[in-house]
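Each of the next two complexes has chain A plus one other chain: chain B in the first, chain C in the second.
For the complex of A and B:
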């Protein structure tokens, strides 16, 4: 089985936010939640880079480790998913996540966050694949259709790569060798405890 | 000869072209656009010694919280929550239970040395008992629902299954959120009503030195509250205040000011809670099976005169001088 990963080639990202829009539309993400976002660091300086970031589907995911009701599970493709039926909205995954991925539909106080929502790698949830209830709770299940996440598929500069970690790392390596530079696979060291050796 | 000269010229020209072509990538690297772009490892290295740093950027969506690209502190909080927190909780809660069980087996129930006098002193009036049991009842529910957050998935989840465990945890969460308020009220009332009898003094040191009537033989003199009870009082007041403040921020996350603060308040809440649970286990033990006659103080509010003389000799003398003794034949009017 593949080990699914995201890789954002920051030297290609033009901050067009098409990934953000594609994700919201494909998954009918609720108001106020952005499963994917583009962050520009060192804005206005020569070292400025934009990085598209979402849930990185960590190896040994912190969200899953701290969840008091164990609502997370990892699929055979190493995608980290969760059950909204089991989630109690305690906020612990949000405390633990290094990428700010878990979000809640309500911004109320007094423990009224609602069920956590995050990027599913377009792999739905624990409901029956491609069922209406799965779409309603978790959004699209493109993996079950044999497709990759729409954010990466839509990327106009092919900056955002999604797929088998070994393959996208190879693609990135070839790019770096060919063009002679690369600012690295952001998030990999934190999420996977390894980076793309160039 | 002219032909070979032409060939030589052509070859030289081609070689020069190749040389220029090879030189181009070298000059392109001189304007490497990524030379000073930050890499993840640089960011992580820069964090050493400053674990609360976040990598902030600019974002074009309205949610400015999303401008944080990475916050590795989450990993440290996870280490705490799944490591230190569990160890501290297991050692303090189970350790206390083991110590109490061992103590009971060795020392047994501490009896009243002189039998009951048949006359009583009013130790706690109805209002004092109300505020004690309000706080105590809330504390037990808060402690169980709190321990469920840390230990439920190990202890309860395998027994009842995922959906039932979630249902229990949801009810526990609401109970925790709502019973926090009467708990805070109870702690505040106990502070106001009992603080005057709980100011530490030199007598408490002598009480501790003599083993407090638990470890040594006999009971050292004590006023209304002995040294041990003062420790319980101040632990409840200060621990309750710490739990109230930290719990308030966890319950109203938008006043806490960011995830890092929520992590901090969660650490405070967790550690203070388990220490409080351990302390209250000891308190419950002494107030119930551990010591004969002690429960009456919070049960009926009336304690036997001989118990009072043994445990709170100075307080009993004061009450006797005031003539606050109830029951018994000597107080009945002669007829």
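For the complex of A and C:
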């Protein structure tokens, strides 16, 4: 059985934020919530690196471990989803998640929180597949349509990989073996030829 | 001297609090009433406490695998190998 995974090739990420925009648009994510975001370290320095982060769909998810109402479940293809009907917006999952994936809409004054929202690997939720209710609560269900998350499909430098963990790991290995050194960005050799020493 | 005073106070308290029951006292006095009420409440709460906690089972339909290696997905893998 294929296990769904995200893998971000940090050598290729150019911090364009297309993945963030694609996700927000595809899933019509509410104002104030970002299911995915780009994190940059050493910004503006020679060793700058960016990585696109969202829910990593952990095998033993800490969010599910701490949830007091057991609203999380893992699908057969290893996608961690949750039920917004059960969620009480307590915020425990937000504190437990090492990636800061769970987000909450602001529903009123005095810091009151709504139902938790997070990346669904574009796999919808517990509602009927591709139904309007599912879209309204969880966003699109591209997996049921035979597609992959739009963030990865939209990535211009093919930095963000998504899909069967075994296949995308193999793709990444091939890239590392091929590029060997320096940047593995698309068109590097075309632009700079092979004479550029890094 | 102090001991004598305390004993005197204690005797006074004893005399006030432990009056002999009057002849016309009700059949169920206040303490018995609350004792019976407490026992009844305990009995009523017992079935709720022994009911096992049930975790939510999302069901097979919700947890089924939706991923399939369609032509679209194969194309994604192919272009990512460039």
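We take it that the second predicted complex is superposed on the first by the 175 of 198 C-alpha atoms of A that agree within 3 Å, B and C clash if a C-alpha of one lies under 4 Å from a C-alpha of the other, contacts with A are read in each partner's own complex, and residues count from 1 in each chain.
By definition in this document, a residue touches a chain if its C-beta (ideal position, glycine included) is under 8 Å from a C-beta of that chain, and two chains touch if they have at least 3 such contacts.
Everything numeric in this text was worked out from a predicted model, so none of it was measured.
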Partner chain(s) touched by A:38 [first = chain B, second = chain C, both, neither]: first
Greater residue coverage of chain A in the superposed arrangement, chain B or chain C: B
Partner chain in contact with A:99 - chain B first, chain C second, else both or neither: first
Partner chain(s) touched by A:66 [first = chain B, second = chain C, both, neither]: first
Partner chain in contact with A:154 - chain B first, chain C second, else both or neither: neither
Partner chain(s) touched by A:16 [first = chain B, second = chain C, both, neither]: neither
Which superposed partner A:91 touches (first chain B, second chain C, both, neither): first
Chain B and chain C contact sites that coincide on chain A, given as residue numbers: 69-71, 83, 86, 186
Parts of chain C lying in touch with chain A, wherever the complex brings them together: 55-56, 58, 62-70, 72-73, 76-77, 79-82
In the complex with chain C, residue positions of chain A that touch it: 1-2, 4, 69-71, 73-77, 79, 81, 83, 86, 123-124, 126, 129, 141, 143-144, 146-148, 152-153, 158, 161, 163-164, 167-168, 171, 174, 186
Complex contacts: residues of chain B adjacent to chain A: 25, 28-29, 32-41, 44, 55-61, 63, 65-75, 77-78, 81-82, 148-150, 152-153, 157, 162-163, 165-166, 169-170, 173-174, 177, 251-254, 259, 262-263, 266
Interfacial residue positions of chain A with respect to chain B in the complex: 10-11, 15, 17, 20, 32, 34, 37-43, 46-47, 49, 51, 53, 62, 65-71, 83, 85-88, 90-92, 94-100, 107, 109-111, 180-190, 195
